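In the two complexes below, chain A is the common chain; its partner is chain B in one and chain C in the other.
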Partner chain A sequence: MYKRRMLGFSLIRGLAAILLALAVAAVFIFLATDEPFHALQQLLIGPVVSFGEDGASFNVQSFYQILAAMIPTIFTALGVCVMFSANQFNLGGEGGAMAGGFVAALVAIYLPMAAGLHPVVSVLIGAVAAGLITLIPGVLKVSVGASEMVSSLMLNYVVMYVVLHFLNYEFADRSKGATQTHAFLPTAKIAQMVRGGSRLTYGFIAAIAVALLIGIFMYRTRWGYQIRMIGINQNFATYSGMKVTSVILLSQFMGGLLAGTGGAIEVLGRYNTFLWKELPGFGWTGITIAILARNNPVAVPFAAFFIAYLNKGCLLMNTNSDIPSEMISIIQASIFLFFAAEQFLAGLRQRIVVKNARDELAQAQAAAAASEEG
Partner chain B sequence: METLKTAVETRDDLLAVEMKNISKVYPNGIAANRNVDFSVRFGEIHALIGENGAGKSSLMKILFGLEQPTEGEIFINGEAVKLASPSQAIAHGIGMVHQHFMLVPTLTVAENMVLGMPPKKGIIIDYKKAVDMTAEIAKRYGFNVDPEARVMDIPVGMKQKVEILKALLRGAKILILDEPTAVLTSKETVELFRQLRLLRDEGFTIVFISHRLNEIKELTDRMTIMRGGRSMGVYETKGITEQQISQRMVGRDVILTVEKDKSQPGDVILEVRDLSYINEWDKRMLDRVSFNLRAGEILGIAGVEGNGQRELVDILFNLREPEGGAVYVNGHEITGLTQRRIRDLGVSLIPEDRMVFGIAGDAGIADNIIADRFDKKAYNRGPIFNMKSIHEETDRLIREYRIVSRDRNQKVGMLSGGNIQKVVVAREFSSDPILIIADQPTRGIDVGATEFIRARLVELSRAGAAVLLVSADLNEVMEMSDRLIIFYGGHIAASFDDTTTLTDELMGEYMLGLRTQASEPKEEKTHV
Partner chain C sequence: MSQFFDTIFKPEFVFAIIRITSPILFAALASVIAEKAGVVNIGLEGTMMISALFGTLISFWTQSWLIGVLGALVVGILLGAMMGFFALRLRTNIILVGIALNILGSGGTVFLLYLFTGMRGNTSSLSSPNILIPTWNIPLLKDIPVVGAMFSGHAVLTYVAFILVFVVWFLLYKTSLGLNIRAVGENSNAARSVGISVQRIQYIALMLSGALSGLGGAFMSMYYSQSWNTGIVAGRGFIALAAQAMGRGEPVGTMFSSLLFGTAQALETRVSGIQGVSSYLVASIPYVVTILGLVLYMLSAKRKVRRLHQKLKNRQDAEQRT
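Let's turn to the complex of A and B:
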């Protein structure tokens, strides 16, 4: 009874959020263009439907591109889930993704290995490097109480400039016009899953599998359990006898590990050399996705899909309509806002909780009355 | 209890405040005030005295418009008033200094003084004027405060002065001070009393809330004594002895009986040696406290709250570091051990503040139950939780402890107070503890849960556990304990090996510091 009512409520809330978001987006679109319906079409169905002479058809390649775009962000979002679950607002995923990509690239270039092994080892080494980086704000927090949010934010830029330094002065391929490394050894490339230029690699399968694994880790292991309890009430965790400091550090390390994995898989799957010259942005997107998924790892792929779809729709709207790109950012942000508002429709939810409590009380009284008679 | 003439208002008395037949029932069902009559004469210092939870703050919040009475009338200067908000109370000349200061720590004294009513130059806040105003009013009433200091940098005593000045600046003629001395050192208290007398002599009316008898005797003109939400009468301070106050303040309306066999004390389980603690305001909260607790017995610690009990419990569980002394469990020193190690030695704790320490409110019942045992073999299969055994354990405890809930995943924060406490108790009692520290185990929970928890405590102690019961509930400590210690001012004021002959009167005198076992009762300063 309760479950069904809460599920019903979740669905209604989801639908209401979508409708409101679209309504707001529509208002902006109508304000910004003379062809609002064309723009809306681009935004809503453009990402997966192409309009040719002979009518609309499902655009498989475009769909694959959306899936490919999800790969790094699923990983960074999972990292955020783990770090935020411990109530540590470590924003180092951005730097972690970049460092992971760079270190993995170096292994892919300079350490020859067997074909099956090479990408795996490259990614793992990159991931560990990233984990050590996001561990730094955690250590500063537990040892001297420095805000992890501030230190991780600054750390991202430190990481970026360190990577750029090594890219420019140590590992650049001087034979190329642009600043990039030498090419990866062919053994290190992550294979494409489908034909065409979508860059949908087996990294996608890995991302989904890792999402499930992290779900199990968070909800079915003693470490994930401690992370969650610390996040909910650290006093309680201490009093219960949990090793609060170690678990917080573990969560921050894992967060970086996952972000680094995302960066590494992206680099080895999409490119032939390392050529990022700024922070890749996956860390920020990961935070957005994790918030949408309410730190639930299993919900991350769905949230990642939503964001990737929305990004693609906005991109299409930008290229195929006259809406200025600033307006597109506004539309994107307002759609996101409606989804992320944690307390959205909280009043309604409260009423349902109260109603449930009343029902239960009535039931209990009825049961008590019945047992007295019997 | 001997009969005593109560102070009666005659028609000639000018009353600054008159509250008639006030009742207050909070939404959670707690009746904080029951048909209370309360009145204050012009220009007096009137004490409102009673134990923690007696309803003093609630009554004064009603007078200050912060809470609405469920029933009753209020008259200010003889005129019936409705006080829907503090601003209306302020308009009637009432000011209140709360138990917990309400200052903005990052602002300066002057900024805090004018908060919500800043002097302006056009639309710009005139800071200089605020400083001048503060300096002027401080000088006029002889308060020594620095208008430009940041509130977070000034001592507690000065913060309190700022609160009083704030009320005066807003035109208060009737000042309510809610336990103003609780946070002060004795030197600061002397200073405060001097200033309050000066204010009275200037014609201000003061309501002074406290549960310290000596302060009341020293400072006030009359008093209203409260117990269990009711008024126990109004008295001239000169006409009542500390013993008589204590009898009216501490005591039980109904005497509870707990059935238990005689204890069969075994080995010493808990040994506390010379424990001392000084808090962050340099107040000595524990002063070389020593006692023993044996297997199979319940040792009660009684006392008015704030006399060192909380500090003791925190130190026992290493949630605070003692200044000196040591604690042994079964002969092992536990001072400074991690909570994990302390628990592994067989110690359980029902914390005083269950919402802060006892539970993770946003987590389900199962998650809360396994908090101290999740890494045991029985609940894991290799790296993965054995959900089956976790669920079995949770369901078993839900049944055994009659936790009323929808299912084992219901968030604990959504349960009722009694059921939340049952979750805590179920966890703490089911780990085969040899020592159970129960700190206010039944405070604020329903009768059913209370009886259940008390019965389980007795049962566990008779089965051989050592129980340390810390409670401000007189019924609970007196009836449950095999032996009893009374804390006063961080000392053990008294210790009884036999609780059957104890009376409420005697307890009250020890709890309020009128008597200590070392010396005979203090000489009475006043005679009736």
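Let's turn to the complex of A and C:
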């Protein structure tokens, strides 16, 4: 009974946080535009419903685009789940995604391989490169105690500039006006799942599968248990004989591996050439998603869908009304703040606890009375 | 290469270091106060972005640079209070609050700018010389050769930044508020047991921290870049965190580590002009230096602890022998 009530409570709280965030967004929309209802319509139902002359209809292509946009952020969010579960605030997912994408692109351009194998190998090599990068803050943390947060933030910038250096000076395709690499070999492209320009690739299937795998890893294996235990109480983990250092390093490597996979799949699935000129932003979105999913890998795809949906809505508001698409930042930040707030609606939780205690007391008294009579 | 050394051994180079260090120093001092009270303020970056925007907007509306700077300061305080509300009252993890603030800083500012002015992305059309932070030619000092060129003619806020190093030191070590802040940061339970309101002190620390980073933001948009744009803070709020860590959380030490990062950035602008040097690799120098600095500092701190242990052990051994 108690467990069920608390589960109900956390559902209500999550919903309340999301509604509050959307309410904040609505306030800003009302302030910013003359036709707020049109803008809100674009934000909330625009992503999947298109309004033609013959009324409203389900927009399949747009729905596919949302699913496609989820792919990289599911991976970065899974990476955040693993890294944050060990209580390491490694923010290197951003750099990891960029490095993974770039390295995978290089493999896709310069290492000819069989068609089925090529994308897989490219993504894996990119992922390992990214894993090694997010490993650095972890190593610095466990060896000299340098804050993983600060060093990973700095590392993101270093990764960005190093990638830009190689993109501009070593691997640039000089025949093109824009700064980009040569085209990927056709064998390296990740295939589309559906027709049309939605860019929904088989990477989506991979993302869902990996989410389930990471869910099993975190909740059904020894390593996952150790990662979570270190996150909950590192001293306990140390005293119970866990190899804390290696488990932390493993978690940081895996986090980068996942972020790099996301970046690599995005690059090989969406583009024909590498052309990112700044950090892609998937790392930060991944953190929002991981928080929405409460670090539970299996919940990540749902949270990613929600964020991708809102993102699409904001883009639509940008084109069809006069609200800048950066609105998404305000919504994301509000979700962040309320969703992660432990004391949000604490009064309600308190009432549930009290009610439960009263019920238990009443039951115990009834049982005592019954046994006295008997 | 000789051309490179020519530019470095000039008073202008020192002038540039001081100018570039100022915003980092504001944010690093902000981090010092928060850290002393036991709260991690990772939202410095976002606070700087938002207050930089409001500094520009308010100075444009009032046509007064001073009111603009004060406005940025107030916005910083409000953001600090907001951090406090979420982190202390609603118990959101402070790091997440900081990240949320940074998200607001990077995207929310674009929205706010549009909301207030209808402009997108930057405020360069609002800019005019009379609403920028003025520079100050120090009488007498400005006439001394070399030294004058280094230390005179900076923005008023630059002098404020370096004065604030000592103000923050005084606040932390010579006032009862500072004592409370340090007590809360050192051991919040002990502080609570002697009747200090931990929450109140941390609120105050976050608001002071916001105020300082607000000034840093105003410096960026109202002097350094002369207008606001989306890339204006460019990780300075994060570098400041590293400067604080390297400066052992002490105001004076933090000033020196901020100067180190300022030097790295000043070098970057000098080196990038030279033919055949990759501007991208050069641009990464300050961030690499930050990581290296952090590691070296932590190593030396570790060694110091080990040496202390050794000393203690030696003394115990000696006592046992007697």
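Quick notes on this structure:
We adopt the following convention: the second predicted complex is superposed on the first by the 326 of 374 C-alpha atoms of A that agree within 3 Å, B and C clash if a C-alpha of one lies under 4 Å from a C-alpha of the other, contacts with A are read in each partner's own complex, and residues count from 1 in each chain.
To be clear about the criterion, a contact is a pair of C-beta atoms (placed from the backbone, for glycine too) under 8 Å apart; a residue touches a chain by one contact, two chains touch by 3 or more.
Just so you know, these numbers come straight off a predicted model, no measurement behind them.
In the superposition on chain A, contact of A:Ala32 is made with chain C only, not with chain B. Of the two partners chain B and chain C, more residues of chain A are touched by C.
Applying the stated contact rule after C-alpha superposition, one finds that A:Leu117 touches neither chain B nor chain C. In the superposition on chain A, A:Leu155 contacts chain C only, with no contact to chain B.
In the superposition on chain A, A:Ile287 makes contact with chain C only, not with chain B. Shared-chain residue A:Ala56: touches no atom of chain B or chain C. Contact with chain B, but none with chain C, is seen for A:Arg222 once the two complexes are overlaid on the shared chain. In the superposition on chain A, contact is made by A:Ser240 with chain B only, not with chain C. Once the two complexes are laid over each other on the shared chain, residue contacts for A:Ala209 go to neither chain B nor chain C.
By the touch criterion stated above, A:Ile18 is placed in contact with neither chain B nor chain C. In the superposition on chain A, none of the residues of chain A is touched both by chain B in one structure and by chain C in the other. The touching residues of chain B, counted against chain A in their complex, run 317, 319, 338-340, 342-344, 349, 351, 356-363, 367, 370-372, 374-375, 380, 383-385, 387, 404, 406, 414. By the touch criterion stated above, chain A contacts chain C in their complex at residues 28, 31-32, 89, 91, 140, 144-147, 149-151, 153-155, 157-158, 160-162, 164-165, 168-169, 284, 287-288, 291, 323-324, 326-330, 332-334, 336-338, 340-344.
Within the complex, the chain C residues that touch chain A are 40, 42, 86, 89-93, 95-97, 99-101, 103-104, 106-111, 114-115, 120, 235, 238-239, 241-242, 245, 278, 280-281, 283-284, 287-288, 290-291, 294-295, 298-299, 301-302.
By the touch criterion stated above, chain A contacts chain B in their complex at residues 2, 216, 220-222, 225-226, 228-229, 232-233, 235-243, 353, 360, 364.
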